[in-house]
Amino acid sequence: MTQTPHISVQHLNVHIADQHILKDINIHIPDKSVISIIGPSGCGKTTLLKSFNRLLDNTPDIKITGNVLVDKENIYAPDAEVTHIRKKMGLLSQRPYPLPMSIYDNVAYGPRIHGIRKKAELDELVETQLKATGLWNEVKDRLNASATRLSIGQQQRLCLARGLAVGPEIILGDESTSALDPVSTAIIEDLFISLKEKYTIVLVTHILRQARRVSDYIIFVYMGKIIEFGPTEEVLLNPKEELTKEYVKGYIS
Amino acid sequence: MRRRKLEELFFKLLMVLATIIVAGSFFLIVGTIFYKGVPYMNLDMITKTPGGGFYIGKEGGVLNAIVGSLYVAGGATILGLLISIPVALYINMYMDGKRFLSNTLRMAFDVLFGIPSIVYGAFGFLIMIYFGIRASLLGGIIAVTLLVIPILVRTLDEVIRTVPLELRDAALSLGSTRWEMAKVVLRQIRPGIFTAILLAFGRGIGDVASVLFTAGFSDNVPTSLHEPAATLPLAIFFQLGSPVEEVQGRGYASALILTIIVLIITVLSDILIKKYSKHKI
Amino acid sequence: MNIRLLKDKLLSKLMLVLTLASVSLLLVIGIGLYYKSIPILQKLSWGTLLTTSVWKPLKGLFGFFPFIMGTLWVTGIAIIIALPLCLLTALYIVEYAPARIKRILTPFVNLLSGIPPVIFGVWGVLFIIPLIQDHIAPHFVEFSTGYSVLAGGIVLAVMIFPLIVSIISEVLRTIPQELKDASLSLGATKWETIKKVVLRKALPGIVAATVLAISRAFGETIAVLMVCGNNAAVPHSVFDPGYPLPALIANNYGEMLSIPMYDSALMFAALLLFIIILLFNIISRVILARLERKLAA
């Protein structure tokens, strides 16, 4: 952990109604690497992920305290501007949710709302991002077709391209491969590994094999608390905490 | 055991019978209207306005009422949409985290939906007196707009709630403002908007009590908002009250026209729902 | 960037205004109608207005009792006819009907709900009136024109079919299969399960549907007006004509302005309708919302 932290979480507490979902989270997420958040279902993994780009704001009866610093800027500060924070982070959800428009417009959507209007510029951006996600050759002849015509695996890569097109620094993945077939999963995993040169990638996953394959660091969350955080091999093969040991043993033989 | 089985059979038979009566009432009504209306139906009915002596059985048609109804229902639907779309968006997208408030609002619109059209008509009339508007196309549109707003809001609200939250998250995480997210959602629910339009239009074109005191009646096709406008349901009502048999017959034919229009609208909305689900996830 | 945020802010304010304006309609209508009813309320008390039977506008006598009774008769008949039929239909559609028949039936309920009130009225005049006059009434009374509270009730019953069927079916669908399975696996027949488990669970929903249907029937104007006979006397049998409140308003609006107090009296009638329907609607919506929350939890 020699890199400068990209996301720093300080004393983050999240309550929804009368449930304490995240309990005093403190963590520094390093720059330009893949970090996996693991833990049993319902432990608060997804809540933690969504707290990074303030997608929790819309949840009914929610109370959030503490700080999350992204590039040293507190995103929960009262004067923080949400759309600018969210633009820094691309989100890849469990299932692909293409916007109700064409393949081209899906990728161009973000750049357009952020002020890019020139056709040539947009064309280039769309091509670059579709190439980055390995989709270009598959869709270059039908860019104006509805995005929903693509296969689920292609849709997920399109969603990734769409997220990259706004020029984020961080990619957030919420069990992004859980709806995909093994081949598409492998493609997405490879993409994550190659993208970490340019981006910080935070993934929520319940597949330990996947965490091991793609990530540099692992965060183990249990009952709303961070139990262990460290380099992948260390956490998975030689955990310090008893809870981690049990959890890891249950999955890896 | 036999007695229990017999009891079940008996009630099952009752259920089938009840279902036949309920579903059959639709055929009975449409059948009656066709049976009585068809003999009096002719091209003049839908292409001509009432001629001199129309109300004692001489020539003419109800074009004035057909066009008037289309104007009133169309105007009210458009006006209603301009109000209801923002309202439905606001309840769903700008009130996140305030569930109690948004649910209270939903209930208020449900209650507004239950207010009978005669009350909207009476209230519309009060508004018109207040602003010095005489019975006219404009008055009719105002009253019917009040009537269709709850229908539109309720339908749109229901449709918006079917949009997966993840789609909104997707738009937000690209840095969209809530309004930009709302536009994405609007695209997603386009077929639902059509359904809402047709529902509101269908209700608006068929309602009498709301236009009774507000739209007035005229034998001419209205050419401005301030002229009184005939409406089809009202024309039916008036013609049916006539002692002249020929005029009554035209009332049946007018009823047939209205029934056909409304049936087309209902069937169309069913088809549109299926056809426009191109971008459906 | 700032322009986008500004646009979002402005639009959100605009939407808020529209939302508040349209929802406050509920209040504004009530206040408007009350304001217009003040003249008659200053002259006659609520008690007098609601319980006396003499309706002579020219002499300044406004007794609403016959109209209230007319409304109650028509509504009562409609509910008595519609509720059992609709309950059985909903049970059949949800619990018994094969998928194919379900698919055919649902559109008809939809189509029926789309038919305009005036068409129900025309149908009433053409079909129900002769039916009562020639085939039903002769068995019970010496003479009837057919224009009666019974005709109004039947027409109304058919009009509220779709409303009751759709609400009750919706409530029935929310009853968990596990609950039914539990009863079935104890050896109960399907009908016994429905009788002892399903109906008991669905009772609040059925009550809510009924209350909602009553309020719908209360306010229905034109169809009832066309078949009810419109005689300002308290009906004593189903074959007597009646004169429900909405019909009173609709029939007299044109001529009222020349007679003092008349318009105020009619606005009072509208206010009365508004208050009753508002209460009934709120009651049923609260029941339904509770039910939804309970089943969601």
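Structure notes:
Labels A, B and C are assigned to the chains in the order they are written; within every chain, residues are numbered from 1.
Here is the rule we go by: a contact is a pair of C-beta atoms (placed from the backbone, for glycine too) under 8 Å apart; a residue touches a chain by one contact, two chains touch by 3 or more.
Model, not experiment: these values are computed from the prediction.
Taken together, chain B and chain C share the touching chains A.
A comparison of the A-C and A-B interfaces places the larger number of contacting C-beta pairs at A-B. In terms of their C-alpha centroids, the spacing between chain B and chain C amounts to 17 Å. Spacing of chain A relative to chain C, judged by their CA centroids, is 52 angstrom.
Averaged C-alpha coordinates give centres for chain A and chain B that are 46 Å from one another. In chain C, the residues that touch at least two other chains are 4-5. Chain contacts: chain A has residues 83-84, 113 touching two or more partner chains. Each of residues 177, 180 in chain B touches at least two other chains.
Chain C contributes residues 1, 4-5 to its touches with chain A in the complex. Of all the residues in chain B, the ones that touch chain C in their complex are 4-5, 7-8, 11-12, 14-19, 21-23, 25-26, 28-30, 32-33, 36, 83-84, 86-87, 89-91, 94, 103, 105, 107-112, 114-120, 122-123, 125-127, 146, 149, 153, 177-180, 202, 205-209, 212-213, 233, 236-237, 240, 251-252, 255, 258-259, 262-263, 265-267, 270.
The residues of chain B lying in touch with chain A in their complex are 96-99, 164, 166-177, 180, 184, 187-188, 190, 278-281. Only residues 53, 55, 57-62, 83-84, 86-87, 89-91, 93-95, 97-101, 109-110, 113-114, 146-148, 159, 162-163, 166, 172 of chain A touch chain B when the two sit together in their complex.
Residues of chain A touching chain C in their complex: 81, 83-84, 113, 115.
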